[in-house]
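These are the structures, in structure tokens.
Paired with subunit B in one complex and with subunit C in the other, subunit A is shared by the two complexes that follow.
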Partner chain A sequence: MAQILPLFTSSVKLKYVKLGYQYLVNHILTFLLIPIMLATALKILRLGPVEILNVLKSLRFDLVQILCSSFLVIFVATVYFMSKPRCIYLVDYACYKAPVTCRVPFATFMEHSRLNLKDNPKSVDFQMRILERSGLGEETCLPPAIHYIPPSPTMEAARGEAEDVIFGVIDSLLQKTNLNPKDIDILIVNCSLFSPTPSLSAMVVNKYKLRSNIKSYNLSGMGCSAGLISIDLARDLLQVHPNSNAVVVSTEIITPNYYQGKERAMLLPNCLFRMGGAAMLLSNKRRERRRAKYRLVHVVRTHKGGDDKAYRCVYEEEDPQGKVGINLSKDLMVIAADALKSNITTIGPLVLPASEQLLFLFTLIGRKIFNPKWKPYIPDFKQAFEHFCIHAGGRAVIDELQKNLQLSAEHVEASRMALHRFGNTSSSSLWYELSYIEAKGRMKKGDRVWQIAFGSGFKCNSAVWKCNRSIKAPTDGPWQDCIDRYPVHIPEIVKL
Partner chain B sequence: MAQVSFICKRTVVSTKPVQPGKYSSLSVLDRVMERNHLLVVLYYRSKRGREVGGITKKLRESLSETLTSFPVATGRLLKDPKEHWMIKCNDAGVRMVEARAKGSVEEWLRNVDREQELKLVHWEEMFHKPYYWSTFYVQLTEFEEGGLAIGLSCTHLVVDPTCVTMFIKAWADTTLGGKMVSPPLFHPLPPRRPGNMTIGHKPYTPLINHYKSFIENPPPLAVALQRHSTATLTFTDQMVKSCMDMVKALTPFEALAALFWVCISNVKAKKNGSGLTNMSICSDMRKVLGLDKGFFGNCMVYNKVHMELGVQENDHQLIKAAMAIKEVVGEMDNEGIMDLIEWLEHNDNYQYSPPLMNGRDDLICINLEGVESYMAMFEDGYKPIRASYYIEPTVGEGQVIILPSPAGEGVLSRVVMVTLLEDEVVKLCKDALLMHFSPTILMGVK
Partner chain C sequence: MDHYFMILYSLPLLSLLYIIYKIVDQRRHQGCYILDYQCFKPGDDRKLSTEFSGEIIKRNKNLGLNEYKFLLKAVVSSGIGEQTYAPRMVFAGREENPTYEDGIFEMDEFFNDCIGKLLSRAKVSASEIDVVVVNVSMLASIPSLASRIVNHYKMREDVKTYNLTGMGCSASLISINVVQNIFKSHKDMYALVVTSESLSPNWYSGNDKSMILANCLFRSGGCAMLLSNKVELRKKAMFKLKCLVRTHHGARDESYGCCIQKEDEQGRVGFHLDKVLPKAATRSFVDNLKEIAPKILPVREILRFALVSTLRKTLQRAKGGARPVINLKSGVDHFCLHTGGKAVIDGIGQNLNLSEYDLEPARMTLHRFGNTSASSLWYVLGYMEAKKRLKKGDKVFMISFGAGFKCNSCLWEVVRDLGDGNVWEDCIDSYPPETLVNPFLEKYGWIQSEDISTFKFPE
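Now for the complex of A and B:
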């Protein structure tokens, strides 16, 4: 008993020490400036008004000198303002809500699996085990073509799904932002596995009769992190084109990629991937500052493709029977953790407060010089961000990141609940999570959000947003009718 | 001849998830019907110039919504600790098949026979592991030149014709206006009313014995099905009235059942050379048990009609037949049915060889006068133009189902569906006594 008390009091003392240290280091400039300003103010006051006037008169102002110095000031100011990157605002975004008739309860999924894979009971059992532990709920949606027995993933059905999702989500965005389609200057569509000719972006241009001088891009094959890659591309384009609007559409079309074979490693995506999509309106126009929801602060991209194991860990190939599917290797989690570490190392200095960076530097120096056995210091990212949107790639991914970044259950709640309600919607899952945070009324002005996405390649991309104005709940969005039921307790294993 | 082409099969689920862990037990009257299944076909006209495929999508969406109120329909069969069937409401959904047919619905109805009609309904026999077997199947067949046929098939273990019609009506109400006029009621059969416990009451043994004989001697699980044929005849209001007057019957069922009993016996007598065949009737007991018509579950009870043997004049035979039927119907009162239910509760260990209630050498006459199939309106102003019911498998001497007529044909008008061996059906349609009541043959043998 006596031993616990000292530990407790010492840990409390440590907490206060830590707080004090953080305040000191983070506001060091203020702490240095205040004494200097006080000293200067005291000196001036001591001099007295007559003395001050004398000092001013002694400074002889020449016309040429005045002109030159003012030109210099103006020149420096202009260079500064011209070279400052434009502010990129996220005006608003919309997420796709699938019709209720596309709902796939667990029992239906398992039944279809059993009927379609009649001769492979082991594969069916594997799918059942995955589904039980997946963290998905009973309201996730699959496209109509997959509801058939057997599924009929024709190209026509894939186009149908693409039209439903993409047009649905763009209609929603146009309505929310009062945007005229003719005012769209840049259009970026990303969909990894479905890439028809003409492209999906051409499909959008055709449907909404966009301008003929539109800058349209279609990104395919880039996996679940393609959403943030599109945001990065939009940002770069908006630096080059002044006064422009960019619409980014992120989605994944499930229909053509439903694996119909029996290899277990390839059946995993069938259990987790679900219908979903999101559209974002980004702008660099000054007047959007009033109504924009977020401002883009950083985008950090890390590509581990140089390492062979990372490159092959999510690999699309034919199985021994000739059926195409995506093979997920067993060391996916290890590679993901490695990619995350890489990304954190780059983003840390950009976002962490000085106190955390110093601590990290000291421990790094200490490990290199003094004692390699010191535990590496994991910076506390909760100091840098109020909200976290972790790509809902699967329960294991969220668990892993929660552990690595030492996040609390509330921080990862948005990711877990988005996985439960919508499943893994690939590149658009980050936007469903952001929508959840807004729907819960937790987004205040000045809050910083960190979006992390992983994708095949192996890539880890991050985006940092700052909330521009407080967003009042209730919001319209995909969570509108069910937010009151959340958060839900998700059991480890759901008995099927 | 119109051809039916299959388009796709899928599963339709409810719009709201079912609370996990819900189970629904089956009553004794449900479990005794394990080996039977129901087939219902409803025909509708459609608006001129309407695109084929549109109504199927609309009906699929409204079916989803309707299923939210019928968790029992989307559940799956499971055995409880006592090895009795029960339903786990696991939200798995019902199977739906979509099909197209050439021609128009009116053309089809003019030329259809049993074999063709059964193409409009999809049925799958129970799997070895029924946990993955859907208990309900819906087929939507759109006619290319106008019209729609809705085929519903389901296991008799869960529903009887009255409640399956209520389900269709609920689906129609949801499609039309969005609100279900009479929601279903899920509860077990009622216990005996306390006021009915008379002292020294002797149980109604004939009914109990009837069921006992089926339970103790079930036919083998694989019954050889002979080639049956079905004819649909309709009797006008006036003809039914005259028949009722002739035999002094209280209800059209009694009159028509007696009529068909005699006529079919005549047809078979030409082969077998004896008097009236053995006959059982089957009736809905909801009113008798004091249940609301929305009660979801089996409430049909079979009973044998006793008639002395003896060759007699046709007319007297008819009147005596009607009297025998009236007597049996009268005996199936609340006390009698409660006796049966109580007996069944103590004698239901037939898990490994369940009885087949229509599976012996009886002609079965089924009273479906009260089903409201013609009230199921999916689109404003379009009521069904025909409703066909089948209780399969048909074995034994044959089956006669007495159904209501579409509205506007008179209160007493009835439609009768007769299933017998093919040659017997042909002979029946030419029988003199039957022709005396000038029925119109809606569906015959080709």
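Now for the complex of A and C:
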């Protein structure tokens, strides 16, 4: 056990003890109340039933006293409920389904690659090898501008793709939730590599004629984990503004960023990134509780930018010919595992059941005080979550995480199938995976979902959702027409 | 028995007091304070004079006489002086083909200078920063600029970063809005807000008239601010945020399209500024004022304005007098206007009945630093501070416009007397100058009377 995950145990400090102390202090009132209540109850019980009856008879139930005490109790209860942090509900979400004309089967991709890179057969070979092992299927989509030979990434084409994806996905969301655009109070759009002025959020405001006092934010450059960063921002905003609706749109616009040079490390994103987008409706209105699908429990963000190697592992730069592309370094997996470890050590105490935490705490204390040779206890995350949505960054990422977290094939099925059907759609991939789980009818009320995403920087963000109501299949969504064909077996290498 | 009743009564009372204490404590921690700010002053080798601007325009093969005339006229009458700063690649003669690296290098130069100075002056180490918000409209890089800062200054792992782009010249107030909201739900935080604009990769080298103006007006600049909601730093802070209002007119097609980045006929990307821009700006400004005025003005001013407006409406015979203007000066002592251009400053001054004294900081900033986009407000604030105008209790009103079309405004209260020279230190004594007229007006004024058929580019 210890050999597989030495990373986790080597640097966990007394963080857990600190957390326990925090817990104690935060709930000190509850902890004080219990002994007092116990003492009172014991005292009363010792009196015996006859004595209790006498006492009750002798009580002077003054009207004023009763009124005051009941008023006090009701008042306290109201203030308590009003001062609780608001629940954030995910009412519903929609994922983008590209038209069939945008599909890029392997044959198309390789043919275009051969024609575009005709002077570099080695690079074409490289792309073919990547595609064979990528875990992608034949139905992934690229935007129309990239189908040209050579691709024509004009700003107008990029705007066109943005409009297709974002408007398509928001239309779908508005229809699913019966939301009036005028009721949107907060709008957050995240798209890493395309940021025109005025922003994409202004484009949405313009198309749907949203209100003039809308709070709009446009995040960019934050990589594939930007979806969860937007959710974090939405959560902070919804805590401040009562009775509000927030629409979060996550997408990646491929058109302007298709690498047209021949450096191998930069051709990799071309093979993996595909068109996709998702829009979510979050709300803190109490009446949404009835129809909301999920409730947001935690969002934990980890930023490894302080470490130079982690910072440079996904880096946009110019190649020697001056063409701009994204360079993926070879130690991406190691850095991802490291970032995941940091994220897990923070999220562990928040989600693990008390039993796992206590076991871990005792083992930790034992190791520090008694005998350092005790085997460290690794908490079992499968006990904390029913479903896992791992960002479909590539086959290697999913394999690595499955190994590190000791997940079964069924746990990572959603990620693998989303990668196969839609490719790496960057920040929206988590929502395609969630949609898969729902379409398979596996989502029951009370299930907890853990979404993990990695992004440039190097960031590892995770969000924990709790299912609010059982979702019956068949659902309408991007998997509607093909869910019956899944899961498929994805071979190690697909011979092209 | 009475003891038990005492306990029974005291318990809810105690818990009520505890809950009230928690709520009050939370409110105390929700204030948003600026501890310090540092504007960027690029090196002297980046100063752009009108003469050199003329050279740049001449160098561009795509521009003919009409454009030359138009541009020189714009440069000369823009209110921009001789000491504004341009991106480095212009001086290297590479403005036709700016590279991505140029853009990144421009940002790095600004970050390394300003943020280091800010943190050392405020005596806050980078590992204490909890939130980083960066807004640079026209550059999206992977990893984001916020990550660049985290990497360079080795910040903590749980830092919250937000990288806003595309939000135009009013984006710095949007970043302050993000920080304000985060402060309301988290205690004891330090936030770093970095605002700038990327000019290098966005230099337009075509000849579409609506797009070449952007090159003449925008200049390099930036600002880094340190904000906090820590209770113990309240007295040492510089400014306290009183209220912030955002107005978004993107729903109107006209407003949305008046300031937009797009390709011209030849496929070159440029920033298109439409003729209806002033109208869209005024409309959004009026809407924004309608919302913020009741929050910042004393009651008697609001009543007076309401009374005068209704009187004017009811009395059908409008005496042809001027429309009633709300007197912002009753609740505001200083005005920080976005230095979008001479026309913008004049327009706002007229609309709000502001005196030359009120408009001086904005005019001088336009003259000394040009239109530095989102960070211009902070240069204006710096001018006021350097001129020792900011005293404890004063109210500063900031207003900015941006693409989209957005109008954001906010009100700051000065916490203590301020008088640091910051970026204006070396030149504040020469401001205001006797005349703002461009010294090259005579040299280039002749161009107004040239004839296209006999025109030859001067040597």
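One rule holds in what follows: the second predicted complex is superposed on the first by the 403 of 496 C-alpha atoms of A that agree within 3 Å, B and C clash if a C-alpha of one lies under 4 Å from a C-alpha of the other, contacts with A are read in each partner's own complex, and residues count from 1 in each chain.
The rule is short, and it goes like this: a contact is a pair of C-beta atoms (placed from the backbone, for glycine too) under 8 Å apart; a residue touches a chain by one contact, two chains touch by 3 or more.
Since we're looking at a predicted model, the values are computed, not measured.
K.L.:
Looking at the superposed three-chain arrangement on subunit A, would you call subunit B and subunit C a clash or a fit?
P.N.:
On the superposed model, which is not a single observed complex, subunit B and subunit C fit side by side.
K.L.:
With the two structures laid over each other on chain A, which partner does A:Leu115 touch: subunit B (first), subunit C (second), both, or neither?
P.N.:
The answer is first: A:Leu115 touches subunit B but not subunit C.
K.L.:
Per the contact definition in the header, classify A:Gly348: touching subunit B only (first), subunit C only (second), both, or neither.
P.N.:
After superposition on chain A, A:Gly348 lies in contact with neither partner.
K.L.:
Which of the two partners, first being subunit B and second being subunit C, lies in contact with A:Leu33: first, second, both, or neither?
P.N.:
second
K.L.:
Quick check on the superposed pair: does A:Asn213 touch subunit B, subunit C, both, or neither? Answer first, second, both or neither.
P.N.:
second
K.L.:
Hey, is it subunit B or subunit C that touches more of subunit A?
P.N.:
The partner with more contacted residues on subunit A is C.
K.L.:
Looking at the overlay, does A:Ser195 come into contact with subunit B only (first), subunit C only (second), both, or neither?
P.N.:
In the superposed model, A:Ser195 contacts subunit C only, not subunit B.
K.L.:
Quick one: is A:Tyr148 in contact with subunit B, with subunit C, with both, or with neither? Answer first, second, both or neither.
P.N.:
Once the two structures are laid over each other on A, A:Tyr148 reaches subunit B alone.
K.L.:
Looking at A:Val100, would you say it contacts subunit B, subunit C, both, or neither? Reply first, second, both or neither.
P.N.:
After superposition on chain A, A:Val100 lies in contact with subunit B alone.
K.L.:
Identify the partner contact of A:Pro487: answer first if only subunit B is touched, second if only subunit C is, both if each is, neither if none is.
P.N.:
Neither subunit B nor subunit C is touched by A:Pro487.
K.L.:
Between subunit B and subunit C, what is the tightest CA to CA spacing in Å in the combined model?
P.N.:
15
K.L.:
Do subunit B and subunit C land on any of the same subunit A residues, and which?
P.N.:
The overlap between the subunit B and subunit C interfaces on subunit A is empty, containing no residue.
K.L.:
Over in the complex, which subunit C residues touch subunit A? Could you list them?
P.N.:
So the residues of subunit C touching subunit A come out as 1, 4, 7-9, 11-13, 15-16, 18-20, 22-23, 99-101, 137-148, 150-151, 154-168, 174, 177-178, 181-182, 184-186, 245-253, 256, 259-263, 267, 269, 271, 284, 287, 291, 402-406.
K.L.:
Considering only the defined contacts, which subunit A positions touch subunit B in the complex?
P.N.:
Those residues of subunit A that touch subunit B are 99-101, 103-108, 110-112, 114-115, 137-139, 144, 147-149, 152.
K.L.:
Help me check something: in the complex, which residues belonging to subunit A touch subunit C?
P.N.:
29, 33, 36, 40, 43, 55, 58-59, 69, 72-73, 75-76, 79-80, 83, 85, 154-156, 159, 192-206, 208-223, 229, 232-233, 236-237, 239-240, 301-306, 308, 311, 314-318, 322, 324, 326, 342, 346, 456-459
K.L.:
Help me check something: in the complex, which residues belonging to subunit B touch subunit A?
P.N.:
8-13, 15, 17-18, 60-61, 64, 76, 90-93, 95, 132
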